[in-house]
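These are the structures, in structure tokens.
Shared between the two complexes below is subunit A, which has subunit B as its partner in the first and subunit C in the second.
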Partner chain A sequence: MGTTFLPVASIVSSAGGRDGWMIVLPAFILGIPYGLMVLSLLSQFPNKNLLQVSEIVFGKGIGKLIGVLYILITGYFGGLLLGQVGDIYERSIMPLTPISLFYLGTIILVFYLCKSGIEVFARFSEVIFPLIILALILNLTLSISRIEPGVLLPILSEGVMPLFWGGLKVAPFVMEYILFMAGILAFLPTDMKEIGQLRREVWRAVFLVGILDMFVAFTQILVFGPFETTRIVYGLLVLGKMVEVSRTVAGVESLFLGVWLGALVIKISAFLFTVVWGLETVMNLKGLKWEIAVCAVFMGIAFGFVRGSVLISEISFVDNYLILPFTTIWILGLWGTARWKKGKNIRGN
Partner chain B sequence: METRRHQKVNRIAALILIVCLLFLPGCWGKREVEELAPLIGVGFDLGKKPGTFLITMQLAKPKQGGGESAAKIEDRTFSVEVASAREATEMVYKISSRIPFMGSLKVIVIGEGAAKAGFTDIIDFAQRFSEFRRTMYLVLTKGKAQTLLNIKLRDGELPAMSIKNHMEQGNNLSTFPTVRLGHYLTIIGSQSTAPILPVVETIKSGEDGIEYNNAKEGKELHIQGSGVLRGDHLVDYLTDKETKGYMWLENNVQNCLINTMDDKDKVSFGGQVLKSKTRYKLFDNNGVIGLQYQIQASISVDEVMGVKQQLSEPEWVDLMNQAETSYAKVIQEECEMSIKKERDLSLDFLGIGRLIDERDPSYWKTIKDQWEEKIADFPLNLNVQVSVHHSGMSSSSSTTND
Partner chain C sequence: MLTKIIRKSTRKKRRQSSEPLCQNPSGNPTTLSKKLEDNRQAILNTFPKADDLVIREFTIGSEAPVQAFAVMIFGLFNEDSVNENLFKPLLSVHNNQLTGSTLEIIKESILSVSSVQEVQTLEDTVTGILSGDTVLFIDGADRALIASIRGFAARSVEEPSTESVIRGPREGFVESLGTNISLIRRKIKNPNLMVEKMTVGRQTKTSLAIVHIQGIANDEVVQEVKKRICRIETDSVLESGYIESFIEDAPYSLFPTVGNSEKPDIVSAKLLEGRVAILTDGTPLVLTVPYLFIEAFQNSEDYYSRPYLATFIRWLRWLAFFISTFVPALYVAITTYHQELLPTSLLISIASANEGSPFPTIVEALLMQIAYEILREAGLRLPKAVGQAVSIVGALVIGEAAVSAGLVGAPMVVVVALTGISSFVVPAFTDVTTIARFVLLILSSFSGLYGVMLGFAGFVIHQLSLRSFGVPYMSPLVPLNGSGLNDVIIRKPWWAMTSRPHSLSRNTTRQVDSLAPSPPENPGN
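The block that comes next holds the complex of A and B.
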């Protein structure tokens, strides 16, 4: 899920206007075939991540090249997400705090999670995830009183093509998840019963996050109208500022922001893990010093994008032009080739 | 070997914790409450120099010490002529020695001059700077916003707080629209609909049939009517009745008070709207598309005057039926006045274009470019249905002729 709920409304409304919310779930569903492809590779190549699988299937040269691309893309994106922590806090509630403190505080937490291993990271996510869901539900339901009647109508007046383009902008969100899956694969159980359970979890995760993000986009378009939803950078933060309970409770956006920080930490940690796994697989670079080095690179990238508007357009660029094409082609190509080779081997025998 | 590694990790962890303690105490950029001056109201007028605005900031200063009530707040209102709202903050900060805190802003008052010249640029700060919330109210005033915010009210309340209280109670009377900044921005984003803002004025004793004890120093605020804008430029004002018509047509009436006379002008009925709903339907009359308003209101009759004899039950039922017809007539007249104003101004403050777009987007696409010209003769039908739920605690009348 990460922080997809922060930009999703603005992205879909810029492409699909008032109908933009409709494309969120279908675009997320694209993650199901890709998730199932990854799990099918898991059953074929147990205890190996997809970088190792790529080396087996495509050969060392191409496999290494894919590995390097994987490290560069996930590393760059992780650094940009770290920059987004500073951007969100500086923009919304703590404009006077030096941006470096947000980077430093977050990277320490992220490093600690990474250092403690995948199990601690999973437990951290297990604790934070329900809080994210609760905060989202609270934020959305407490915004009902601000709904502008009629802004969602007419439905599909511009046809379905704008939705298609909107879907292309949402699809990278699930591809980020697939990139993480590609790395964590080596830690997943491999017996058939548990792979069946993992398949069900892919469906569940995609639908849960897709539906939640759809409601986030839906509520923002209902409250702000399509034009304003596109214009507002982090609509959910503005929505949080508008929450008032019975004219007595207001200004609770900081509470929501605490939870969103948790979501960001999970996402950045996931990308730190992918880079660390990538370095270990492709270049055999492992150990504490390399984890610290990756954190330093993340910090460097974040410091390179202290200008918020540049950062947001860079995140969008990496999502649309690096993560989406790289993941769609790589996973599809890997799965297709692996199946073809498997079929060839069976026929050969 | 393993123990030594653990020690190394623990040392690093301790180092990280020390760094955190040093750099992340959580108070960076802190501002104590005593250093802040909560901003309650802002007024925008045109400045004397071209390209400048006269910005009036009404800051609250909580009264210290005992006395009547600790909740009372002192007024600190400053006006500065500046080119931007941020500049105004700087100047007020210099004068007041406290940092104006924007998160508490409740009301933005737009003076007539600024409203006519356009005010989107000057309110950009209020929708961009993160301290503000989009829930603040926007109001217009005939004359200067500075004057309005500087008046002394008879109850000692700050004008901005008084306007905010009026706005929050607006639904009880439904005689003026309550417009928050977020709603205004959504409306101007829709492009076809003209925004409308309520008008706040001061009222002197004796004006508009209202009198009050002049011995107590101060004035009273009065919210009545509204202003219609083209984008962010004030074009014209709506009268009280035209605004009420707008409220009916916009489905904004929750509860309101309503008075009427029977068709012979002998019996008057005072009542309260308990519930109201306005529905919209497009009709096609031999190829001519029009919009049908269907207003349904439930009313309780609280006052009957002019009945000179005791009425039997059937006669009372008949009288209440007459009341229903008369109430419907009043609502119809108010709506027609509002529609006439819309046609005269060729400005769609009733949002008819959006209603057409919602119901028949393909037809809307054919007319949207000439919509302002088409408003003048676009077919509109009104159907008002009123049902009197009850006539209070008694039937008939206490007055008799005999």
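The block that comes next holds the complex of A and C.
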């Protein structure tokens, strides 16, 4: 789930206007065939991540090239996400605090989480996930009083094509998840029963996250209207600021931000993991010093994009023009070639 | 879900514990001599300056007397019992009784002592003497008899002051290992209750016992406990805390991974859930492993009371833990950085109360917290009467006087008082909350709620990475185990708690289902 719920409404409303919310779930469903392709490669190449599989299927040269691209893209994106933490906090609740403090605090936490291992990472996600769901539900339900149903009408007045383009903007979210799956594959069990369970989990995860993100987009469009939703990049934070219960609870955005920080930590850690796995697989660079080096690179990237609009457009650029095409082509090509080779009974080394 | 999958895949790779059990250090034992004088000299050489060593020489039989002597340490043996059950029968022996091996006859027919053991080495006799036993040497025998007639000043069984209850047994463990084992045996009358004794400490030779219920406790955990205790090679073990620090999983962690209790009913309940207990001679505190995070929020009285109140009190404990850890940090963060979170009227009240204070909120908070910790420590260590006086003076100084003098704001006193009281609601974590509170205070002082969240996440990650004897520290919360939650957030009635915690025991069935009370219908209706 990561932090997709933060920008999703702005993205879909910019492409699909008042109907933008409709495209969220179908775009997420695109993740199902890709998830299943990855799991199919797991059963064919047990205990190997997709970078290792690429070297087997495409040969060393192309495999290494894919690995380098994987490291560069995930590393760059992880750094941008770190920058997003500072940006969100500085812009919303703590404008006077130096942004470097947010970078430093978050990267230390991310490093600690990654050092603790993949099992602790999974458990941390298990702790934070219910908090995210609870915060989202609270945020959305407490905004009901500000809803104006009229802004949704007329439905599909612009046709369905804007929805298609909107879907292409949401699809990278799913591909980020697929990139992480590509790396974590080596840690997953390989017997048929558990792969079956994983397949069911792919379906469940896509639908759960898709439906939640759809509701987030839906509520924001209902509250702000399509134009304002597009303009406000982090509409959910603004919703949090507007929450008011009687005269006791107001401006609880700071509390929600605590939960969003947890979500961001999970996402940045996921990308730190992917870079570390990539370095280990492709260049055989492993150990503490390389993990610290990756964290330093993340910090460097974050410092490179200090302020809001530049950072947001860079994240969108990486999502739309790097992650989406790279993952779409790589996974499809890898799965297809592996199937073809299996059919022909050709084995790599 | 991901946790479950990863755990399953890594479980197979996990190291299996199959090392041999603790072996006694193998030296060259000194065998006893058949000559009584040689043995006497050997004992005297072993205890060159021991004025409390008692060597009582005597003869057995009158016609052809057999020379003998008994060795014991003053104050460690029961004098009356030794006179009555050892010397009296021995001194009244007639020679016609001594046909065959004198030692065998004395052991089997003359001594009226429940435990008599035959030993062949000097080392064994020395251990017996030091343990308070009476050792009997007889001329012509290259063995000695160890008669267990111990008796030393000991406290009687009474209610432990640290774990007092309104409903439930009042008895507590004492400093005697034997008494403590018997207190558990009285609760669990089952031959599967395994008691294995060991000795640790080169100088102190402290006895300890590993207790578990075979068939309920996880064998791997039992082996692991033995393995960790066997590797302890230290001079002294004066309290169970020594053992704890040698065997715990995370020695640098704030969070304890070994539990302790002074109450036999609590230790028995833990044994019945599949845990292993470690009893140490000389201390009433019994260690239990594995120890999980949720145990700090459970209390023996929860299980003797009706479930509704027990559940409510348990929620209060969670709340108190939260308050004692987070409230000062949240107060500093909100009043310094996020005033928008407070309703306007409350914000005005706090601002007016803090108006005269010369210090920033964080300085106030640190000063007050440190003052409170000093007073708490002084109150605990001083004699009761003086301690109370300190508490009263402290309450006046850090409360009324500090506010009147305009040094701190009244809301800060409320926060510190609330925090202090809450920290005693979960006594197992009092030290954890104290340290965590200061860490969070400092984080919140320069980064507001971001810092609090950062600290919270850091503590969560740390706790998630902990294990206690192979069991995830946060289970059954994370990884989530539905059936394990029967006794975590709520306390179900006894008839509904049909299984033991899955993470602790392979034999998870505690009782049959359908034990819910179903009284017959009123015949009058």
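In the analysis below, the second predicted complex is superposed on the first by the 344 of 349 C-alpha atoms of A that agree within 3 Å, B and C clash if a C-alpha of one lies under 4 Å from a C-alpha of the other, contacts with A are read in each partner's own complex, and residues count from 1 in each chain.
Just so it is clear, contacts are C-beta pairs under 8 Å (C-beta built on N, C-alpha and C of every residue); 3 or more make two chains touch, one makes a residue touch a chain.
Every value quoted in this text rests on a predicted model; they were computed, and no experiment measured them.
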*Report for A:Val223: first if it touches subunit B alone, second if subunit C alone, otherwise both or neither.*
first
*Touching A:Tyr112 in the superposition: subunit B (first), subunit C (second), both, neither?*
both
*asked:* Output check: A:Val265 vs subunit B and subunit C. Expected answer is one of first, second, both, neither. What do you get?
replied: second
*asked:* According to the stated criteria, A:Ser125 is in contact with first (subunit B), second (subunit C), both, or neither; which is it?
replied: second
*Once the shared chain is lined up, is A:Glu148 touching subunit B (first), subunit C (second), both, or neither of them?*
first
_With both complexes overlaid on chain A, does A:Glu244 touch subunit B (first), subunit C (second), both or neither?_
first
*Of the partners subunit B and subunit C, which touch A:Leu101 in the superposed model: first, second, both, neither?*
both
*With the two structures laid over each other on chain A, which partner does A:Ser92 touch: subunit B (first), subunit C (second), both, or neither?*
first
_Set intersection of subunit A contacts, subunit C complex versus subunit B complex_ = 93-94, 97, 101, 105, 112, 247, 250-251
*Provide the residue numbers of subunit A that touch subunit B in the complex, in ascending order.*
91-98, 101, 104-105, 108, 112, 115, 146, 148-151, 153-154, 157, 223-228, 231, 238, 241-242, 244, 247, 250-251, 288
_Quick check on the complex: what are the subunit A residues that touch subunit C?_
89, 93-94, 97, 101-102, 105-106, 109, 112-113, 116-120, 122-127, 187-189, 194, 197-198, 201, 247-248, 250-252, 254-255, 257-258, 261-262, 265
*Can you name the residues of subunit C that touch subunit A in the complex?*
1-3, 5-10, 337-338, 340-341, 343-344, 446-454, 456-458, 460-461, 464-465, 472, 474, 478-480
_subunit B residues within the subunit A interface of the complex_ = 9, 12, 16, 19-20, 23-24, 28-29, 103, 130, 133-135, 168, 182-183, 185-186, 189-191, 251, 354-355, 357-362
